[in-house]
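Below are structures written as structure tokens.
Okay, so subunit A shows up in both of these, paired with subunit B first and subunit C after.
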Partner chain A sequence: MSTFIQTVVNGVLFGGILSIAAVGFSLIFGVMNVINLAHGVFVIGGAYAALVAWSTLGIDPLLALPVIMALGYVLGSQFQRHVMQPAVRRGNPVAALLVTFGFALVVVNLLTVWFSSAVRNISPSYAFVNLRLGDLSIDAVRLVCFGIGLVMIAALSLFMRRSRLGRVIRATAQSELGARLCGVDSKGVYAATFGVGSAFGAASGVLIGMMLPFTPAEETLWTVYAFIVVTLGGVGSPAGAMLGGVLMGVAATLTQTYLGAVYTNMVMFLILLLMLLVRPHGILGSAFRASR
Partner chain B sequence: MLRPLLLLLAATVLLALLPLVLGPFHVRVGLSMFLSAGLALSWYILGGFAAYYSFGHTVFIGIGAFAAALSRDLWVSGHWAGQLLLGVGSAACVSAAVAALIAWPILRLRGHYFTIAMLAVALVCAEAVSAFPVFQGAMGVSLPNIAPPGMRVERFYYWAALALLLVTVVIAMLIARARLGYGLYAIREDEDAAMMLGVPTTRLKITAFIISAALTGSFGALYAFNLGYITTDSVFRGALSLEMIVHALVGGMGSIFGPIIGAVAMTALTKVALADMLEYHLAITGLVVIVVVIAAPEGLIGVVGRWRRNRRHRGRNP
Partner chain C sequence: MSISITRRRSLELIGAAGAVAVAPRVGAQALPAITFGGTIPFSGRWAEIGQSVHAGYTTVAKYVNEVLGGLEVGGRRYRLDIKMVDDASDPQRGITLLQRQLDDGVSLFLGTYSTPMVLPQAAMTERARRPMVQAGGGGDAIFTQGYRYIFGMYPRASRSAFPAVDSMTVLNPRPQSFIVVYTNDPFSKPQGLGVMARLRERGFNVVDSFELPFQLQDISAVLTAVRDKKPDVVMCLTSDQNSLLIARQMAQNRADVKMLFTSLGPQTPSFRQGLGKFAEGISCISTWSPSFPYKDPIFGTTQKFAEYYQANNTVPLIYHQGTAAGCIVAYTSVLRAVGKIDDTEAIRDGLARIDIESLYGRIKFTPEGDGDPVLMGSAVTQVQGGDLKVIFPAALKEANPIWPMTAWSQR
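Right, the complex of A and B next:
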């Protein structure tokens, strides 16, 4: 029994990380109807940025987090403005998929050349502290990262509901033409959305880098994880990403404990496939365009 | 139909004679051009005709490769032609069977959802081949060399790939002129309208999917024979899926010769022109993809066509 509870607790903590990794992807998918295959690159890029900050500049990854988010925002919004916008305007239906995939290839290649394909990890002094609660043992870093992730998802949710830019983004998601008729600069809104999505991707990368070892090639895995979480939970809503992430995390750790680690990814991909076939708009399918 | 077939035959004979004058390196480049062209064209049968973009077609390369390797007992002794036919044939059959199994549920999805579902299929199959010991995917399987004694290995596979490419081109040409092809074009333009007008969309999509999978699997088997030793990671590679799409797009999606031209051009670029920059191979492929999507969404064929139209236009009105 205690193994089961421990597994579920680990799953929820892992799920929190999956949620924050997916929330930016979900935002971009929900607002722009673009499957951003470069999302994993922003995640892994965030991890490497944190690695540079920690190992060469000596800055704690958590302190570097806001700076890395800002970098992610700038890179993401510029990418949207100068690469995505012209591609989507001219291209065929999968132009966005191809352009983001191409960008991912370029970045992974550069990361591999700069950092080699070796497995890296970030382990600050407090990395190996364990909290004990009866039989349960909880990794302190994971708990802290989970907390930060929750706060950030809540903040994004508030931002989307309450702030002016959040309202404008939601309006543009509902009808680009309508928003433009009301004087919204839709290109600017898309750039901001992509920027926010990328910033959250990079932030999740910092947290992931503190908990798990990483390599450049893992970006594909994080893109797919984000996709699984979003198809499970529902597109476009932070709550959907949260729900999908936790379900996914628990499913992953349960598989790992009771079936064996080799089957973890297979079970996750199978869940994605079944979800796509049965209910492609997710458990909390929202009213965003992509889910309709 | 006769003129293009004669041209095709002439081109094939010419290409078949080339290894007699080329060195081993260039024969190998030719071989990988044929393999990429065949794969891109197999992908195009679904992706180009019906605009169902599969992002996981490498699953059929992997299934074909492993089907050929694991059916070794069937073909391990005998004449080389029989070995080749049995290996490639079993790959085609297994790929077609898997495709038939997943076709109906998968092809109900459209657009992005189909694309990503195929990616998920590829990931699931790759993980399964690695995880279950029956397939020996994690350890790898080796294939014996089946080139007839006395013939240079690269020449043998060059000719084998050329023959399979010829078969694929003929199949694609036949589809393009048959009811199947016109039905797929109708699906590409507007699937709902096609369905309303009585086009049996589901049946046509499934047929195209199975043909595409069988051809991809055959090329996967040939790829595996040429490698000699395969693991999950070497044949279930996302990069292979991407290459098929990139070649078709670079060449142009309007004609069955687009994927072939794109594959030849990209292979020449990456294997010959950039041979010394292997480190940046992926980055350059990525950049080419972005540039093509933005600057030449109709591919090389589209660019040439536009240039010719412009010239004719200028000639008329000086």
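Right, the complex of A and C next:
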């Protein structure tokens, strides 16, 4: 029994990592109907920004997190406004996909030039603290990052529901024409949405960098994980991203322990396939997708 | 008799000294070239080690060209030209670039890094009947296809970690129980299966084993097994990044063992820095160390190679440079013996028969082309005081093993 509980706890904490990495992707996909292939680059970029803050400037990654989020917002919003929007205007919506893919390639190579491809990880003084609850062993860093992720996702959910900008974003996602007729600057909304999604991506990178070793080449992995989690939990829903991530994490650890670790990816993709067949808009779905 | 130093005389002497200093460089540049082709990962997943391998190749070439004034083959002097192109750790890109070099007439090849990269390239150079000596791929699949032109500086994967198992037999008290962890890729899996077979041959008890996906993000199952079954030793046949993840999670979760062995990882400074004090006591295999006491036909000794390398490179010296350098030493030895640079059949036959001592150690290949498991087997090293020390075999030992290693919670 203790093995089962430990496995579930590990799965929830691992799933928290996946959720944090996916929530920004979910927002962009839900509002703009764009699969952001550069999402992983913002995650890895956040990790490297935290590495610079910690190793060069001596700033704890958690203290640097708000600044890194702000940098992610600025970079993401400006990229969307000055690169993606012109590309879509001149070409077609598929251009957005290609542009994000190209941006990801450029940034990965820049990161490799600046930081090399050596495996990095961020190890502040508390990186190896362990908590014990009876037979349960919990990695303190993962627990803290899970808690921070939960708070961030809850804050985003509240922001989307209660703030004026959140309502404007949801309105634009429901009907861009209707929003523009109401005086909404849809281009500005899209840029802001992409910025928020990128900010969350960068924030997740800070937390991931404290938990896992990373290299520039890993960005694709985090885009794929985000896609799976969002498809499972529901596009455009922060709570869906949390639920999808936790479900995936628990499925992964239970598979590892009781079926065999080599089947982990297979099981994750099988769950994704089943979800697409049974409930394609995800467990919690997107509130505004149904009205399109 | 007094000698007056005029300005004219001074300028003549300075000019003569300068000419002497640059003569080998200028001379070597004017020599015809022996070109070694191939690809190397300068970017992507394998870039850190790929750059180390490349540095090993180019250091030997630089020494031969600049210090020795070229390589004498068949009465003529040649410079060594290393023409490696970036495969970005992508097997598809690697074979495209290699095909281009084959089409351009390159005759002699060096290897890229990692078995998934080397395997398809080996098939191409074999089909073209051009020799490849490589220090990057040890997967069994490379050496069980009946290839005649492919030579590897390591024993094949299923035998490569045998020294790690053998090093456990000299520990006192003798370890009893083992957990073996490997990833599902063409190198780690045969290595892991080979280790399990060897452990059982040596009378050890393998209480559990795990086959994990190649890209790891979580090892909860391994941690649970370590807590439940309390093995003496966990042996991880995993790549550098996966080894770091495993070591980090074991330390973070206080999954204590008496020894943690990872086949790759501790040899890189980034691994040891990432773990800090938690790296102490982790062991790994090392195919080469600068402390090896071997004589070399080019540098004289292993230490002289290490000194020359340190003076001419910024990439930290790890075992990959030594292994790569061994490839060039093997080629130069055979080229001198054969006396021709373009007779690929004779060069292949020379490589198949080679048996020399070098900075890398004894170079002698099996009939299948991989390194002889006894003569070219690895040493076992352990992180001690933040540095790597050879702990096995006895002939190369620098320090006694830390056994058992300090529990994570007591560091």
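Note that the second predicted complex is superposed on the first by the 270 of 292 C-alpha atoms of A that agree within 3 Å, B and C clash if a C-alpha of one lies under 4 Å from a C-alpha of the other, contacts with A are read in each partner's own complex, and residues count from 1 in each chain.
In this text, contacts are C-beta pairs under 8 Å (C-beta built on N, C-alpha and C of every residue); 3 or more make two chains touch, one makes a residue touch a chain.
Since this is a predicted model, take the numbers as computed values, not measurements.
Of the two partner chains, subunit B and subunit C are each touched by A:Asn265. Contact with both subunit B and subunit C is seen for A:Asn109 once the two complexes are overlaid on the shared chain. Once the two complexes are laid over each other on the shared chain, residue contacts for A:Asn121 go to subunit C alone; subunit B is not touched. Applying the stated contact rule after C-alpha superposition, one finds that A:Ser186 touches neither subunit B nor subunit C. With both structures placed on the common chain, the touch criterion links A:Leu212 to subunit C but leaves subunit B unconnected.
Once the two complexes are laid over each other on the shared chain, residue contacts for A:Gln78 go to neither subunit B nor subunit C. Where the contact sets of subunit A with subunit B and with subunit C meet, they give residues 109, 262, 265. Note for the complex: subunit A touches subunit C at residues 3, 6-7, 10-11, 14, 17, 109, 112, 116-121, 123, 127-130, 132, 137, 139-142, 212-213, 215, 217, 221, 249, 252-253, 256-257, 260-262, 264-265. The residues of subunit A lying in touch with subunit B in their complex are 33, 35, 83, 86-87, 90-95, 97-99, 101-106, 108-110, 113, 220, 224, 227, 262-263, 265-266, 269-270, 272-273, 276-277, 280. The residues of subunit C lying in touch with subunit A in their complex are 43-48, 51, 89, 184, 210-213, 215, 217-224, 227-228, 240-241, 244-245, 248-249, 251-255, 268, 270-271, 274-276, 278, 408-409. Put simply, subunit B touches subunit A in their complex at residues 51, 53, 55, 105-106, 108-109, 111-113, 115-117, 119-121, 123-124, 127-128, 130-131, 238, 242, 245-246, 249, 253, 279-283, 285-290, 293-294, 297.
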